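Both complexes below contain subunit A, partnered by subunit B and then by subunit C.
Up next, the complex of A and B:
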């Protein structure tokens, strides 16, 4: 039985908050999109006629205008683990097989993971952008959140005044947890209002 | 020379090929008359040895500025002049545009993007000199979409590795406030509406500062809150004549666009002022509302630091549970305050309302939807997938026919021209 991987508590104080992981996946030829996201790819190893698949499969949508021609398949409820994502990918490969294509299941790879959590205190974004300007971009004329580009691990965080944080760009879930543990003490530093 | 050739002067046929300074000439050997002058270039076969280079591959091309870039640089200068920026800004903005143009992605970009790039370079220059120019203003001048501007701006900041300071709120207030046409009597502005510029600026600045302290500015577009603050400042300087004027009408007679969120910012600011007023016994008695509180904005601003400390408690240091408990307790207290006849009050005199949480409005609103906690997954990814389950994902032949028919019908309807 699988248990969720929780970050090991280091000797120093950890945040005690575990980001919730959100998943969806995309295959090189078939695209499965959910409102919350892990993105992964799988190589089905054969040429596909996307129009036929979109016509004959039930929850598929063909979007030829997109640069990388793809089919979107919606998955609900959201996939909550890498294992579920892989199972879903295998099911899609089976659907494609049923439609008559000689699909295999090669090179399944998680491409992106998104996590979200709430530190439960408001954050002075204008202060954070001053002290961490080399990593931060805060343009309230464009977007209400602060975009923080962390270098190690290579994760992008969206930080909002409400204390909600979205982390994206991870290949493995450990990167999400590590990024959050890095940002938490920085955010705590902006906890005082004055 | 073979073939017939006669000297036009003497008629001789003795014409000789000569090269005068390597230019071949046909000369009459009798009278010396130059009959023809050859072309300066050699024959095609000879040229093979000369290694002629096309202009586009010569070094001259890269030293020259392309026409597209020249056009962009002209636009940069034009924009700087329209905005009446100091001359040094022009040079900086030009330099950024040239720097951007060294990147192939920019050179190959569409004209729309290059046009927006002009605005980005000017904006970055202004920000670095603390000149309060908003993206909205630039987009309006360039007739550009803010989304397009946003993408190019973020890209160019990253590409050039620039450090762009934040928009300075105080400077923006001064510039924006000064644009309100309220400082002289005019056809639309009667005498009772005319205001002293310095007084209005000073009070607006204080109100914006108040908004900032009470979490009304962070994460929001800066302009609407300044519009609301300007309006309140103006109203409060002569409330008896101006309370009847609405925010929309105010913007119209001041000849300033009313940004949509300004009305919401106004309500939030008034709510903060009311909480502050509740801390002053002599104002609490008056049972002020969002209209009447405007008359006392001057007094409230004078004591704003103390009043904020009294009216609000730090929302950042509390956990969610504590918030809920105290929130309920506070609601009960508030009820008592409103009734105002509890024995406690009579003994201790009127007490100010218990402090509200100082939090951004988005944290004070109830959550829109409950976020479900996802159950722990025990999936391995290698489970058997049954045929019947896969069948579920395939359309029946009837469904396929229906879908095709629906698609054809919708395509037909979109291709039908509009009736005259």
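Up next, the complex of A and C:
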């Protein structure tokens, strides 16, 4: 028995809130642990000596124990648009070039986008997990927020009691907005009245 | 002739003349008899129940009428395996005094891992005195997960611990992750991960934990009298109803409620003691306590006898 894919949205309502995109991750070979940073590993089209790069480039960390051999490159401030992240990746390719590797800029792809917003009212997570069991996971012992896995679009939302919502897993900006428009009426239904 | 009829014995044999008739089993003769016409349908039916009653306890190891261990059909794949027993007589020993045919050990190799896990589950449950029904439920869950193979890469102990956690939740007596951690070698993180994976794999869900689930256990461990326990339960419930502690884990709220109730009674407990029992840090108790302290007079049950009046409660 298939469960409804997306919660129904009344056509008339629009939330009027726009999620703010925080960061865009592009990660293919590079593995990003610190979410504040942009991970950039486009396919540079050549073999890299990771250790050399890590030692000689600023803002680069190399963790050989991590399964994916990669370099983490940190950028400040966090990038707020797709174009900026592409620029940063290009700059990095340049850095690697200067270090003597014949780097090229191939296959730049955005892998993940994260957005956050505030619905400005407290939310009854217990009610939400009761009615949306198939999508929600709320374990206060493990994490204070409710983890909502929306199926269409395939986005994971972290919903907190304060009303703050974090959306992640999107490949394009529109998915974030669509997911938020889907969840907003549901959250309104679980607004705390006191 | 006393007989028991067993519906689950039906699948294979029915009376040819009366296919709808429920066959009656006569275990003494090993027959299955059609009640309509009296035809003996099954012959030499093996009784898979427990063995004959033996009264003498002394020669427990040498019971010659036993044909094997009592079957555990729910869990293992059926205990139909043959073991080579210890030898008797001189011929079974070779020159050095070792027994020939040492191969006693391989039995039900396909489910060796599962039986190992059951043993581990029983050990874990024993450490925190869990009743048999929880252990059985855990075993069932483990078997389902194991057969599904969706979590095959995970350590069996991790899956077992997570199954134990789920079983406690399903039986209405949840244990905190930390309590399960205390009897398992697996980290809380891994148990949490397996827990979520198992819920996904078995397509079940569990009820949300509430403060009341833990009151009796925590209060007993702190040797608090029943009135204090009831007061703490009341305080925690009211605090959640009045939404004084949004976003706080129910365990922390329960711990703070116990602290408040115990401090108002003759049996005072320190935050550290409560924190040790509940598995929360004492700063966490302090945080939650600060949130419920302003409404303290409203939270206590009406018939509570105060040893320390409400206004003298410690203010942190």
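One rule holds in what follows: the second predicted complex is superposed on the first by the 163 of 194 C-alpha atoms of A that agree within 3 Å, B and C clash if a C-alpha of one lies under 4 Å from a C-alpha of the other, contacts with A are read in each partner's own complex, and residues count from 1 in each chain.
In this text, contacts are C-beta pairs under 8 Å (C-beta built on N, C-alpha and C of every residue); 3 or more make two chains touch, one makes a residue touch a chain.
Bear in mind that the values here come from a model prediction, so they are computed numbers and not experimental data.
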Subject >> Combined model on subunit A: subunit C and subunit B, fit or clash >> reply: clash
**OP:** Classify the contacts of A:120 with the two partner chains as first (subunit B alone), second (subunit C alone), both, or neither.
**Re:** first
Original post:
In the superposed arrangement, which partner chain does A:133 touch: subunit B (first), subunit C (second), both, or neither?
Top reply: both
Subject >> Touched partner set for A:84, first subunit B, second subunit C, both or neither >> reply: first
**OP:** Mind working out whether A:151 is in touch with subunit B, subunit C, both or neither, as first, second, both or neither?
**Re:** neither
**OP:** Check the contacts made with subunit A and report whether subunit B or subunit C touches more of its residues.
**Re:** B
**OP:** Once the structures are superposed on A, label A:160 by its partner contacts, choosing first (subunit B), second (subunit C), both or neither.
**Re:** both
**OP:** With the two complexes overlaid, spot the stretch of subunit B among 5-13, 23-31, 167-175 or 365-373 whose C-alpha atoms clash with subunit C.
**Re:** 167-175
Original post:
Hey, what residues of subunit A end up touching subunit B and subunit C alike?
Top reply: 122, 126, 129-130, 133, 137-142, 144, 160-162, 192, 194
Subject >> subunit A-facing residues of subunit C, complex >> reply: 176-177, 192, 195-196, 199, 205, 208-209, 242-243, 246-251
Original post:
Which residues of subunit B touch subunit A in the complex?
Top reply: 134-136, 146, 150, 153-154, 157, 163, 166-167, 213, 215, 218-222, 314-317, 319-320, 358-360, 362-363, 373-383, 385, 389-395, 399-400, 403-404
**OP:** Can you check the complex and tell me which residues of subunit A touch subunit C?
**Re:** 122, 126, 129-130, 133, 137-142, 144, 160-162, 192, 194
Original post:
Within the complex, which stretch of subunit A touches subunit B?
Top reply: 1-4, 20, 55-59, 77-78, 80-87, 90-91, 94-95, 98-99, 120-126, 129-130, 133-134, 137-145, 160-163, 191-194
